[in-house]
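Chain nomenclature is as follows: A, B and C, assigned in order of appearance, with residue numbering initiated at 1 for each chain independently.
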């Protein structure tokens, strides 16, 4: 009964526009940030970072990126894995070529390069719509992976065809390479995630976001009221690819340490990220987080229960995971196309009225 | 009262000043394959007036509106806007010139709230770039709030304060029409096109809508071109009327002139064409 | 004729054969898309599942044996019998019909009227589900599928071409059989959809759901029917590909090969699927033959997609698709 806006009056449009209009939400948000930055780093160990936090943070960044393109701008992409690979290989080349520059800039530049590639592959979206486009984005997926496998320049002619992240540090703290401490990995991913989420929120609440959603909801009408479809779609591809590229760069440099294009960034990665935003909620920032958390936690949970608890063989558990993921996708699309985010909203709606629902 | 088409401005019976020509359509012909939707039509729209386009179903009214808003490209003829010939351009460029419109079958963005829909009307007035918007603090926020104020005025004017934050998809038909009008109005257009603003409404809603249209014209001096089926409404609202039939113009003038035009009477009473 | 040219001709012929198989998979997509407007991503997994089921029945595998063993600690694998190929094929077809019914009952019915893209994503979910389900039901190890189709070098062609050109063409018997079967299937489907009562109903549904309903066509029956046919087409495709390269996960990836075929041919056209399949089959073989060695090879991975993409930019509705008219 404390969770409501009654008495929390807004006297300016600025207050009315804020991200969390309800006081308790605002408090919860600041507490979460404080815990994530101030407390968790002191307690995390390798297992928690490698199994949960690092993949969660990185996938959340990628999911935010794809959600901007698919959830907000309505352009379905199945090429996310390929764009993550662009980010990964770009950051690798930059790290090797300019060791004196800070890794933070490398990651951002990798995002920028991915944005350019994304715009290039996004150009057909002007002519092609719906699942024609979805299938067309597969072209980028297959072509990019092939490129990184076949052109030795990208992996610096290494014999294994793999790329390995050299050791780099930020403010004297090692953040890439095998000697990275768990908390450093955790923090650098978190910093990027918070930055990306903040940008995503700003873009989607402003005119850029409205243009994207206009194109998504009714592209012809949007053009007639003054949205330049070329600009709207290209900015969506650029911003989305930038985020995805940053995610790919972190995935390789910080999380994996070594990568091979087909192995780490194959088509299954594209689907994984797509599933995150479907389950989490299309067109929702919170949904991107929820979906990423769900898809990271579920396999860990299943593995612990089925393999650890019930003694099933691992491959059987893996097949079971496929079934559950597929079933959940269908379930969510049938029951709640807006995903976990919508369920969360409905819960809050109920909570606001509690204990007097009428 | 007779009109002097060349005069820069004149005063109507009820004392409103009608300005010079804003939009001049010269010999427009539009074909779809072999079908001629509009045949050699010319008429103009003057600043500050309410201009109606009427005609039976399939007369080419909506096509005409689509030509004006740049969605259809006529095969022949010229569109003059504010004294300059309009070069071939995309619909969004036409909108940037100051045209706004509503649609016959409501074209709102269902996934967005009423407020966001109306804010999209402001997009030609907002200049911050992508980077500034990503950073939000400073320019982008200031611009957003300034434009929010304009939208709030429109919201007040159209009496839709209570549904501000409702997703448009949930609204009933009549309110959707009003929100669409709000979106067009928020653009502060120099020419507002309304495609059957009262289609499918009951009497009460029609009265509301007529009031809004008259007030808009009166308070903001908005130039309005509208298509409407309801003859009574058209005759009451508009300063001048264009009548179309089978893609041709069969009448043009004040409501009284049009009402007494033999061709118009024939078209509406269904005299056979031969 | 020069050696190079003959070699290219052989590559072309092999490409045509592969193209027929692509067309066969694409056909399943087109059928479902025409009748329900659903872009069925699961078509490839359906082929895998059908092939797995066929092999499972043929060899008398116990369904879910891994799961049963894991839960009850038993160690069962096979029934003490083998089923003749023809009966196994009929049974597998029956399973696919049952599957079609389940899909209609538990998925499609609940998604009527949703945007196309939601339906598309639902079929991706379905594909994942079936992949896991198929593996749990029949096990994930690579299986050989043998229903008595001929395979290996066709010696007649080899001899004849050798006598003509002094160079023997290598054409696999299996490819020839596949091409013949695919051609028959296409002819049968065309006749069915043009001349039978159900076929007419099917085209009516494709045109307009509500109009079809209003003249008394049962939408649900049509959907079950069309998914059954698609299941049958998947079974045929599964047999062909399974016989060629074994029944394993990668079989489901032929769906990915069929997608560019569809983009090229248009989603709604049966002739489009065939011609698109042939173009892509020949195109990717010739491209790999001519350009592949220069840029590192394995261009088959992406050639079809890039070709389709470039093509679509100039003709967004595909070769035979209906032109999209936009209005407000």
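Everything below uses one rule, namely that a contact is a pair of C-beta atoms (placed from the backbone, for glycine too) under 8 Å apart; a residue touches a chain by one contact, two chains touch by 3 or more.
Labels paired with UniProt names: A, C = Branched-chain amino acid ABC transporter permease; B = ABC transporter ATP-binding protein.
As the structure is a prediction and not an experimental result, all values here were calculated from the model.
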| item | value |
| --- | --- |
| Interface ranked first by C-beta contact pairs | A-C |
| Chain closest to the middle [Cα centroid of all protein chains] | A |
| Subunit B and subunit C: spacing of chain centres that average the CA atoms, whole Å | 51 |
| Euclidean distance of C-alpha centroids - subunit A vs subunit B, Å | 42 |
| Distance from subunit C to subunit A - Cα centre to Cα centre, in angstrom | 33 |
| Contacts with 2+ other chains: residues of subunit C | 328 |
| Junction residues of subunit A, two or more chains touched | 220-221, 224 |
| Multi-chain contact sites of subunit B, meaning residues that touch two or more partners | 71, 103, 107 |
| Subunit B-touching residues of subunit A, taken from the complex the two chains share | 13-14, 17, 199, 202-203, 206-208, 210-211, 213-214, 216-218, 220-229, 235, 239, 283 |
| Residue numbers on subunit C that touch subunit A, as the complex places them | 39, 66-67, 70-71, 107, 110-111, 114, 116-118, 120-122, 124-133, 135-136, 140, 256, 259-260, 262-263, 267, 295-299, 301-302, 305-306, 308-309, 312-313, 316, 326-328 |
| Of subunit B, residues touching subunit A in the complex | 69-71, 90-92, 95-96, 100-101, 103, 107-112, 116, 119-124, 126, 128, 130, 133-136, 140-141, 144-145, 148-149, 152, 183-184, 187 |
| Touch list for subunit A against partner subunit C, complex | 76, 124, 127-132, 134-136, 138-139, 142-143, 145-146, 149-151, 220-221, 224, 267, 271, 274-275, 278, 310-313, 315-316, 319-330, 333-334, 337 |
